[in-house]
Amino acid sequence: MEFAPEIEAAIAHVRDDVARLHAELTRYGLVVWTGGNVSGRVPGAELFVIKPSGVAYDDLAPENMILCTLDGEVVPGSAGSDRHPSSDTAAHAYVYRNLPEVGGVVHTHSTFAVAWAARGEEIPCVVTAMADEFGGPVPVGPFAVIGDDSIGRGIVETLRGHRSRAVLMRNHGPFTIGADAADAVKAAVMLEDVARSVHYAREAGPLVPIPQDAIDRLFDRYQKVYGQTGEAGR
Amino acid sequence: MEFAPEIEAAIAHVRDDVARLHAELTRYGLVVWTGGNVSGRVPGAELFVIKPSGVAYDDLAPENMILCTLDGEVVPGSAGSDRHPSSDTAAHAYVYRNLPEVGGVVHTHSTFAVAWAARGEEIPCVVTAMADEFGGPVPVGPFAVIGDDSIGRGIVETLRGHRSRAVLMRNHGPFTIGADAADAVKAAVMLEDVARSVHYAREAGPLVPIPQDAIDRLFDRYQKVYGQTGEAGR
Amino acid sequence: MEFAPEIEAAIAHVRDDVARLHAELTRYGLVVWTGGNVSGRVPGAELFVIKPSGVAYDDLAPENMILCTLDGEVVPGSAGSDRHPSSDTAAHAYVYRNLPEVGGVVHTHSTFAVAWAARGEEIPCVVTAMADEFGGPVPVGPFAVIGDDSIGRGIVETLRGHRSRAVLMRNHGPFTIGADAADAVKAAVMLEDVARSVHYAREAGPLVPIPQDAIDRLFDRYQKVYGQTGEAGR
Amino acid sequence: MEFAPEIEAAIAHVRDDVARLHAELTRYGLVVWTGGNVSGRVPGAELFVIKPSGVAYDDLAPENMILCTLDGEVVPGSAGSDRHPSSDTAAHAYVYRNLPEVGGVVHTHSTFAVAWAARGEEIPCVVTAMADEFGGPVPVGPFAVIGDDSIGRGIVETLRGHRSRAVLMRNHGPFTIGADAADAVKAAVMLEDVARSVHYAREAGPLVPIPQDAIDRLFDRYQKVYGQTGEAGR
């Protein structure tokens, strides 16, 4: 399959991002062995790029990332197409087909997010960093077994219209979404961070809730002004 | 804005320190992604230097640290002034304006300090390292939402006249102060260390208190003799 | 002792693998100091290669790995034979003698696996990664003291015919087996990961079980399709 | 002060060891900032070498280690003598004066050892690695405040004639001893490892004890055969 030059350039750019961003998963201890995966949508095309299945993190590179259609099929003849894509590819594809605003998806089995998921319990919003990042509690999605669209459907049904960019799939682990792959990776990193803090907090005694209006103000402000890109930033 | 040569030299020195000290936050796992910030007062001037907002730790360098007045305004035309300063700049500025003896401020969301903060519970002084470093329990500050002076005011009201150089802002996380930026970073590192040890200690059974007079003697001695600089050191 | 050239080549290959794979134990924090050990069977021979006893991880290299017969005796005159093999060599040898399908054995004292072992409690299968990797709970083996075949016998009696490639030897720690050394190391890494997640999950409230038929389907699928080698892989 | 050439050689050797071994404390996360210290006795002399006070781990080198007499006084004119020795020097000196078989002493505030110490609770011997290394429970020493011989005396009174090379000083932290500095560092590393495993084990339910005769056999064997040096080793 051949693409227009601007699409090829976009593909190359997303391959770079997706390969490089996997290093953030190991940096923050969110994955072990070959577990976990990052994908990124190719802007302007019905395509996304995802990690190959069962390949060591040290061996990931732009040219062995796998290019897929939004049906989750490997694009024949593309770089890396001699390998199998991540076994979670169908779930990523489902998200891209059904949530057009999503440009990146991440899945890990990070320790504390999995711990909440194994109890099927949402993470309560008791720290301001959660209000900023997720706008409230992080919700739990249904139990779904790999092999059809049920994981993808569970993610989409839980996160559509929700403030949270993260869902804890029951007895499984977290999926996060974002405007692009980097944003979804950031959500995965922040999720584990708050999953851990709130776990330890609650172990030791009752949590103090944050008033809903404070959560709303924090979330609203954070969406507008954080970082270097917010036009309203100070 | 132009400064006298000795002030320019002092600014350069603080830029170096502040940029370099951020690496201690990642070394000890106190921060993730772009969270957390260190600032340092410029000796002899109404200025301080702080981290830019939302920039990766790997990309921090003296020249992209941001120079601010004690009102928290970026100094126009100074190196890094094309970026937004940390979103916690107003809180740092408030501390410098109101606590003239403070030369450095650090804010993190380190896991165990946040866990105590999410319960609004002070850390009891049950290990000698806490007596040395903080002179007693680490106190809790009020819940305060970013956007005005309320965080800064909460820090100052809690720490003014207190032995502790660390405060756990409720439902938020720790702020630490020090004689300079390095001293405030040290306090942030020691705080997380004791927050973690005491968390685990208490999970498993009743804590043994340290008698108040022993706490007093430890704190007094540590202020005078530890390290290479104490004149009374042995 | 001399071997045919193809056996010498196989020995060299296993020496490389076993030496290199020890770095995965330190990467994932499964061992401290000189603890833990990996061994690999030499295909086509009654031999295996194992770590020397009490040597620092930084000093491990193919040429100081130790070649043993399936009785656990060092092959005289082979590279490394001036050293003692791991003190767990008898247990590894027993496994190779009694489980011909096993090509690799790993032993660690990884923190959370040891914690379950110190209570003599199996790890319940409440996350899909456990169903994939171990096909159900991770079982506990008997208490056995080093010095005769009782550890090896305990491993074999617990794992023979069991889906799990990991056993928690009571009051001791985990042993894992695999098709080769890399597969056994993978099992050791995944074991600690789930031992940790499930520990934290259960600390904070009741676990949600996974239905047995879902466990069966996950295990069955994972054995067939994961990674780049499964012929039925998608 | 001048020493015979063979003593100078021994001093140089111990300086190297002590400087290098501090890296094991950071490798295993036993210390933060400038906390913790290792010392080593100079064989054949009434001297030992210890870390300077308050110096960063990255800056430790053989030539800034500090040479002390067994009274804990810095040897005038020796390399590093322009600095203060560790504030725990008096405790190390007391141990060397009173336990002639001890060749190395280590002190840390490692997280889990401190957690047991903050409750004044010994670590029960429920894993074989503890039986091997410490021959039973790790005992608690008295509460003692820095400034006189009380810490040293507490260490000596607790460990003299005890199988354990580690003591948890109440409300303070662990001290370990060994045949040389490396052996004491190994004990510090193993102590934190078992302090952590047993902490997690007990959090989640009742521990299974190890029969005393098995503890005795494990300890006896480990003293004789582990590693490459035991003459009775297999």
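Order as written gives the chain letters A, B, C and D; numbering starts at 1 within each chain.
What we mean here is this: contacts are C-beta pairs under 8 Å (C-beta built on N, C-alpha and C of every residue); 3 or more make two chains touch, one makes a residue touch a chain.
Chain by chain, the UniProt names read as follows: A, B, C, D = L-ribulose-5-phosphate 4-epimerase.
Predicted model, so just to flag it, every value in this text is computed and none were measured.
*Asks:* Figure out the least number of contact steps between chain B and chain D, where 1 means they touch directly.
*Replies:* 1
*Asks:* Mind checking chain A against chain B and telling me if their interface is mostly the same residue numbers on each side, over half, or mostly different?
*Replies:* The interface of chain A with chain B is built from mostly unshared positions.
*Asks:* Rounding to the nearest 5 degrees, give the angle of the rotation that lays the CA atoms of chain A over those of chain C.
*Replies:* Fitting chain A to chain C on C-alpha atoms yields 90 degrees.
*Asks:* Between chain A and chain B, what is the gap in Å from one C-alpha centre to the other?
*Replies:* Roughly 32 Å, centre to centre.
*Asks:* Counting only Cα atoms for the centres, state how far chain B is from chain C in Å.
*Replies:* Once rounded, the distance between the two centres reads 45 Å.
*Asks:* By the touch rule stated above, which residues of chain C touch at least two different other chains?
*Replies:* 202-203
*Asks:* For each chain, which other chains does it touch, given as pairs?
*Replies:* A-B, A-C, B-D, C-D
*Asks:* Report the residues of chain D in contact with chain B in the complex, numbered from low to high.
*Replies:* Of all residues in chain D, those touching chain B are 32-35, 52-55, 83-84, 87, 109, 111-112, 114-121, 143, 145-147, 170-173, 199, 202-203.
*Asks:* Using the touch rule from the top, collect the residues of chain D that touch chain C in their complex.
*Replies:* Within the complex, chain D touches chain C at residues 28, 126-129, 186, 189-190, 193, 196-198, 200-208, 210, 214, 217-218, 221, 225-230, 233-234.
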